[in-house]
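Next, two complexes with subunit A in common: one pairs it with subunit B, the other with subunit C.
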Partner chain A sequence: MIRVRGGELIRGQELAPPVALNRLVAAGERAAIFVLGAHFFTRQVAISAAVCWRDEDMARGSGLLKSAFLPPKTDRPIRLELKLPDARVIEMPDPISEFRPGHGLRVHVAWSFEPPIPSGTLRIECEWRDARLQPAVLEIDGDPLIAAMSVARPAWPAAGAPDQ
Partner chain B sequence: MVRREPVDEIGLTLPIRETIAKAQDASVAVLEMIVYRSGAVVYLAARATGPGEPDGGRWPLPDITFDGIEATLLLGGRGGHGSGDHGGVLTFVDTFRYWLPLPSRRFRIEVEWPQFGLSGASRYFEPAQFQRAASEVLSPWQP
Partner chain C sequence: MSERWPQVQPRPFGTRQTEPWQGVPDNETGALTTVDFILAGSERVTVRVCEVIAFSTGFSFECICQTDDRALDHMALVRNREYFEGRRPDRTFRIGLQLPNGIRMTSLDGHASPLPQESLASGPRMKWIWSSGGHYLWWVYPLPAPGLVTFACEWPAADIPFSTAEVESAAIIEAARESVRLW
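Moving on, here comes the complex of A and B:
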């Protein structure tokens, strides 16, 4: 049994070939949410995002980020969901990155679901009133992701030597 | 000053996923780079398999350098995690996030991991690629 906590790019020992998305989901005066990329594994698809707080209000930002992510899921004041074309709803994941120097006020999260990726439009919905983020929706065309996944090969296969 | 990943820029992700160096029991790969207006984050992973130490310790981490460019480790190294036990053999995957200033010359990533007889370097990355990406970085707060 091998455990790895390596962020959104690693599951087990697989290094998934990612697809960059680089899209803004929502932005307010002080906070913003970006979707970063899609990552493909043999048993999982992961969509990663960054939740950011502007630098100049560090103390308040740090407190709000922690209050958004640390409580049990049912008590969190932030709603960050991925809705798939087949009506599956992936709730907000736990943060991947930790609250420590290096990431500062930037927290990475990743929604994970089992493949295949259903054809249609993926929707990311967010709402974070404490941060004065208005409810927002970002739509992502699933077809390029389906095409990318069809040719994706893990760099480190689950059972085998690292490969290029 | 503690260098942090920018919070007011989306950053432009350059998917890479390239194995830099490989030995029998270890390998190092660059996963992606995220380009910002003032620099880039380089995300790497190192995997190794070997006998665990009796005290629970393990082997040193690889030495990763950037062809003379001064890089700052943001996250990773000892923070990486992994465990396993198949007759005392362990496998660890460590991840690293480095901050680099926007390069003004071509560079490559160099890796030395003498414990595993591993030595190698990536292909060269060209500064134009970073300059082009930096010019496309978006920010929700800045024009």
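Moving on, here comes the complex of A and C:
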């Protein structure tokens, strides 16, 4: 089941302003992948991105999500990998927003991993064959993310607040 | 298909926006802002505004009502229908904002008197995009002018009184400049 902006992704008990990254990973005539930012949760760090496409018929219903994220990895038309400095690889992000009218021809996705954030460079590697998006790499300095993570504060300052 | 049913033509689920007030533009990446705050809280629920993404024509934001109270969760899920159909306004979570020029937009506007056609075209608008449980995604058109944007919410059934928080619109305006025009 595809979770829409829910589940573990928003259940953290820490609150920290997101780090806005706003970097283009790849852009072609039919599609683009844009990294939005990093978000911090109790047991997760999430790097979010927007996957945008130009033609209405490139995705029907949840077709893009299903075709891109659910097939075996050898048959995935989209490759979206996050490689951490400690050699961990998150092969595919999770869809976190629904593709529907008013939300543009796009979905938002997030790579999630457990903290701590390793020091060094994070690499995002993307390719979308059907959209003629050539392999591309974006490197992100992890140190600003580590600094931002350290200023996270409890989202529930009052005693008796909802226990997530 | 039997002729008893409407004879409709299939169309893509996602269709291109024809007017900027309709939602997130199709040809831009958007840019994430660092706006993220607790708008209101009680012992039963916390209301958070986050995921503020700026575009050249406006911005989207997400409002999350975080609770472990199943009754409140249901009220958030049914949104405004409780208010209008159940005649129980205290159960309705309502959110709105005021732009620096004093114009106010709320989640109840869609139930107010029909807007004249010219208002639809010129804006401003706060348009619901989707929701999932207590999560709401809103589109605000157009971009605010320089100054303070005031977010407000109220939810009597969840012990949330009228609550406000102010955000400098510069954070949104500057992020909008980072939104990449694609096509």
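Note that the second predicted complex is superposed on the first by the 118 of 164 C-alpha atoms of A that agree within 3 Å, B and C clash if a C-alpha of one lies under 4 Å from a C-alpha of the other, contacts with A are read in each partner's own complex, and residues count from 1 in each chain.
As a convention for this text, a contact is a pair of C-beta atoms (placed from the backbone, for glycine too) under 8 Å apart; a residue touches a chain by one contact, two chains touch by 3 or more.
Note that the structure is predicted; figures quoted are calculated from it, not measured.
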item: Partner chain(s) touched by A:I117 [first = subunit B, second = subunit C, both, neither]; value: neither
item: Contacts of A:N22 with subunit B and subunit C, given as first, second, both or neither; value: both
item: Subunit B versus subunit C as contact partner of A:V45, first or second or both or neither; value: neither
item: Which superposed partner A:G37 touches (first subunit B, second subunit C, both, neither); value: both
item: Which superposed partner A:R54 touches (first subunit B, second subunit C, both, neither); value: both
item: Subunit A positions touched by subunit B in one structure and by subunit C in the second; value: 4-6, 10, 15-22, 24, 27, 32, 34, 36-37, 50, 52, 54, 97, 100-106, 155-156, 161-164
item: Interfacial residue positions of subunit B with respect to subunit A in the complex; value: 2-8, 10-15, 17-19, 22, 27, 29, 31-32, 34, 43, 45, 47, 73-75, 80-85, 91, 93-95, 97, 138, 140-141
item: Residues on subunit C engaged by subunit A in the complex (per definition of touch); value: 12-17, 22-36, 38, 41, 43-46, 48, 50-51, 53, 62, 64, 66-69, 127, 129-130, 132-133, 135, 137, 139, 175, 178, 180, 182-183
item: Residues of subunit A that touch subunit C when the two form their complex; value: 4-6, 10, 15-22, 24, 27, 29, 32, 34, 36-37, 48, 50, 52, 54, 56-57, 59-62, 97-106, 155-156, 158, 160-164
item: Sites on subunit A touched by subunit B in the complex; value: 1-7, 9-10, 13, 15-24, 27, 32, 34, 36-37, 50, 52-55, 97, 100-106, 155-156, 161-164
